[in-house]
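Order as written gives the chain letters A, B, C and D; numbering starts at 1 within each chain.
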Amino acid sequence: MENIIKVKNVEIGKGFVVMAGPCAIESLAQLEKTAELIKKNTQILRGGAYKPRTKPSSFQGLKEEGLKLLKQVGDRLNLPTITEILDPREVALVASFVDIFQVGTRNMANYALLKEIGKSGKPVMLKRGMSATINEWLSAAEYIFAEGNQQVILCERGIRTFMTETRFTLDLAGAMLAKQKSGLPVIIDPSHATGIPALIPPMVKAAKAAGFDGIMVEVHYNPSQAKCDAEQALTPDQFNEMFQ
Amino acid sequence: MENIIKVKNVEIGKGFVVMAGPCAIESLAQLEKTAELIKKNTQILRGGAYKPRTKPSSFQGLKEEGLKLLKQVGDRLNLPTITEILDPREVALVASFVDIFQVGTRNMANYALLKEIGKSGKPVMLKRGMSATINEWLSAAEYIFAEGNQQVILCERGIRTFMTETRFTLDLAGAMLAKQKSGLPVIIDPSHATGIPALIPPMVKAAKAAGFDGIMVEVHYNPSQAKCDAEQALTPDQFNEMFQ
Amino acid sequence: MENIIKVKNVEIGKGFVVMAGPCAIESLAQLEKTAELIKKNTQILRGGAYKPRTKPSSFQGLKEEGLKLLKQVGDRLNLPTITEILDPREVALVASFVDIFQVGTRNMANYALLKEIGKSGKPVMLKRGMSATINEWLSAAEYIFAEGNQQVILCERGIRTFMTETRFTLDLAGAMLAKQKSGLPVIIDPSHATGIPALIPPMVKAAKAAGFDGIMVEVHYNPSQAKCDAEQALTPDQFNEMFQ
Amino acid sequence: MENIIKVKNVEIGKGFVVMAGPCAIESLAQLEKTAELIKKNTQILRGGAYKPRTKPSSFQGLKEEGLKLLKQVGDRLNLPTITEILDPREVALVASFVDIFQVGTRNMANYALLKEIGKSGKPVMLKRGMSATINEWLSAAEYIFAEGNQQVILCERGIRTFMTETRFTLDLAGAMLAKQKSGLPVIIDPSHATGIPALIPPMVKAAKAAGFDGIMVEVHYNPSQAKCDAEQALTPDQFNEMFQ
C-alpha cells in the first residue's frame, strides 16, 4: 500500500515536504509577509486560527477571521494550508477554508473530534499526544480510519519527559517506529519539540536523513513580536538558510 | 474562601468522600448488584456510560442507556452520581441524568469541552492530564471558572512516567501541591494510578492521612467479567474491608 | 521471614522509625544543636560527611572529620547513625564510625560499591535510583545479598519525571510494590522527593498510614544557613510539630 | 578551542567516527571474527570486559581476560579500543590495555570513579546518565576536568522516559544542546537507545546529518548467541550495509 496523501499539487509521503508559517495568525500583514518570505522553501502554509493555550487569558487566535486570512494568503501564493481544529462542531467551518486539519497534542485522544474529522474525509495531520505511546497514537488514528477516512499524516512534536532544558523531547526513534509500523507519512515538528531555534536546523537535517516525510516549522517575520511561542520561531532568514 | 461543593446530601471538600462503582456500566444487574454491595461505604456512585478507549474496537459504553441506568440506581439507593463526559455536544444530555461531570485524563486540555461544562454551572471533577504539570492542571480549571462555574473538584489519577510496573505513577505530593495552591477539593484515584488491587488499600489510607478530600475507586461485583479495566477493579468485599 | 534489621536499640521493619538530621554535617555545633532539638522524635541520626554534589565546586562534605562528629554526637545522645558512602575504598573507614551505610540515588547501580558493602556485613539503606524500576532496585539489592549481607533497608526518595514543580516525584505506590515483593523494610524520604517543606508533613502522614517502615527527613537548626539542600530542610520546630 | 581528542590515528571531534564491536567480549574467536567483518567501516573497536548487569547472576564479563583479548585484537587490526570501567580501583589496570575509558550510564555520577579517571589523563567517553539533564551531564564532566584531564567525549545513549516501545528514548536534541554548550565531541549510541535493529540505520543517518561526531554501535557476528543485549546487536552485514 502506498500511503501518499495528495493535497492540491503536493504529495505527502513522497519526498520531503516542508510545512511552515507562524504559530498563530495575527493579521493579514503578518501572515502575508511571513508567507512571502518563506514561500520558495515551503510546500504547505501553516497558521493557527484556534489556539489552545494553557491559560484562558492568553491569546486564543483570530478564529474564523484567521481561517479567512489563511485561505486568502494560501490562495494568492498557491500554497495548500493546514490549521489546527479544536472542536467537533467546527469541522465543517474549518474544512471550508483549509486543506488539511491539524489535531494538536492536547487532542490526540479527543475521540469525539477524531470521529468528526473521520467523517469529513479530509486530510488530517494527527500530532502525537505528549505522553502517548506509539500504540496509543496509531490507535487514535484508527478512530479516523473507522469513519472511512484514510488520509492520515502523523506528526511527532516531542514528548514530555524529565528533560526540560528543551521544551519537549523529540522522539525521532519512536516516530520512525510509528512510520515502520503504520506505513503512514510522518512529519517532524522540531519547533515545538525543542523550543530552541539553534536546535531546529540540526533536527531538520536529522529528520530528512532518517527518511521522514517532512517537517513542520514555525516561522515569524518578527519573532520578538509573536503573540504565541515567540521564543521558538525562526526568522525567515534562519528558515531559508536551512535549505541552502 | 471555603471550597465546598454540595451535591445533594454530600459535601465535597469537607471530610473524606468515597466515590465508587464500576469502570463501565454494563447492565442494570451489574450496576445495581455492585452498588448495593458497596453502598454502606460509598457517598457517590460512579459508572462510565461513555468510555474513551484506546482502540475504537473496544467497548465504548452503553451511552444514553448507561446514563439512564446510573440515574435509576442512584435514585433508588439515594446516591449522587458521577460520570465521564467526552463531547461538548452532550453536556445538556449528560447533565439531565447525573449530578457531577467527570472530565477524564485524555480531555483535561479539551478546552471546547471545558467551556461547555463551565456554562452548565454543574459540578465537575477534572482529572489531571497524564502528563500535566500542576500549573497546566489549575490553568485548565480556569477555563471552567472563566465561564462562571466555580464548582470544580480536582482528581489525581496518576501521571505517566518511566515507571510501568504500576499502570501510572500516583503523584500524591503533586496533588497536595495542587490542593495547597488552589484551595480546591482534591480526590485521589488509586485504581487508575496503580492498576494493582493490592496497592489500592495502602494508597487509600495514605490519601486519607495526607488530608485529601476523598477517593474514587473502581469496584465490580465480579471483576473477572468486567468489560473495562478488569485487572484493577476491587471486589465489593475488598472494597468494604478497607473501611474496617 | 521476618526482615527486621536491628541497629543498637532500634528495630527497623517493626514499627515506624524516624531518621532525621542535617543534609550535610557542617560543624560540631551545627550537628549537636540540630540533634538535640530533634532527639525526642528521632530514632536514628543522619548526617552527610561525603556529599555527592552535581558540581565539583560545591561543598563536598567534611569527610573523615564529619564521620567523627557524627559518631561523637550519636554516642552522646545515644542515637544510632547513618551516613552516605560513595567509594568502595572507604567502606572500612565509614564502617568504623557509623551504624548504617546509606547508598544514594546516584550509586544505586554502582555495583563495585554494593559488593564491598555486601562484604562488610553491616546494615545498609539502599536508596532507589532516580530512574530505577522496582525490578532494577531489588536487583541492585541482590548484589549486596550475593556477598552474604541480608541487612538491606530500601529507601524511596522520589523518581525523576516530567513533574518538576516538586523536586522529584514521590512514588509511594512503587515503593509499596517494592515492599510487597521483597519483604524488606522501606523508608520514605519526603525531603528529597518533594523539596518543599509544606509537602513534607502530609507525605510523612501518608507514609505512616500506608504502612511503610519509617521516614528520613532533613532537619537543620537554621535552614537558611545550610550548606546543602537549604530549601528543603525543616526547622526543628516544623519537624517536631509533625509528631504531635 | 578545538576539542579534538586524538587516539592513535583517529581524531574524535573531526569528521564522523564509528565505534563498533560486541556488547561483551565473549572469546577470542567471537571478538576477532566480529572485528574482522566490520573493520572496513570501523575506526574504534568496542568490547565490554566488565559488564554492569541488572542482576548479579547475569554474565559479568571476562574481566582482565577480556581486556587482554581486546588489546590483542585491536593491535592486530590496528584499531584503537574502548571499554567500560566500573571501579576506581581498576583504572590503572584498564588503562594498561585500552585506549579510551568508557563510563556507562549507571556510573555517570559515580564521582569517585570520575576523579580517578581524571587523574589518569587518558581519554574517556562519558555516557549520559539515563535520567541526567544536560546540566548534570556536563557537570559530571567537570569532575574529570577538575583533575586535569580535558580529554572527554560525551555519548548520548538514550534517556529513560514513559516510552518503552523503544528501550530508551534517543534524545538527539538534548545531545546537540550538550554539544553546543560544551564544545565537546558527542557520540550517539543508537543500539542502547532504541534496542531495535531496524531503528539503528535511520538513527545513524540522523546522527551524521545533524552534525554529531560519531556513533557507537553494537555488532555481533551471531547476535542470537550473544551473552548480552542479543536483541539489539546488528549482524556485520547489517552494519556494513549502513555505510553503502
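We take it that a contact is a pair of C-beta atoms (placed from the backbone, for glycine too) under 8 Å apart; a residue touches a chain by one contact, two chains touch by 3 or more.
These are the chains along with the protein names UniProt gives them: A, B, C, D = 3-deoxy-7-phosphoheptulonate synthase.
A quick note: this is a predicted structure, and the numbers were derived from the prediction, not measured.
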Legend entry - Contact-richer chain pair (by C-beta pairs counted) among A-C and C-D: C-D
Inset, instruction - With centres defined as the mean of C-alpha atoms, identify the chain lying farthest from chain C. - result: A
Legend entry - Mean-CA-position distance for chain C and chain A (Å): 48
Legend entry - Approximate Å spacing (C-alpha centroids) for the pair chain C, chain D: 33
Legend entry - Interface hub residues of chain C, defined as touching at least two other chains: 131, 135, 160-162, 164
Legend entry - Contact footprint of chain A on chain D as seen in their complex: 131, 133-135, 159, 161-166, 169-174, 176-177, 180, 190, 193-194, 196, 198-199, 202-203, 205-211
Legend entry - Interfacial residue positions of chain A with respect to chain C in the complex: 131, 160-162, 164
Inset, instruction - Mind listing the chain D positions that touch chain C in their complex? - result: 52, 54-57, 86-89, 106-107, 109-112, 130-131, 135-136, 139, 142-143, 146, 160
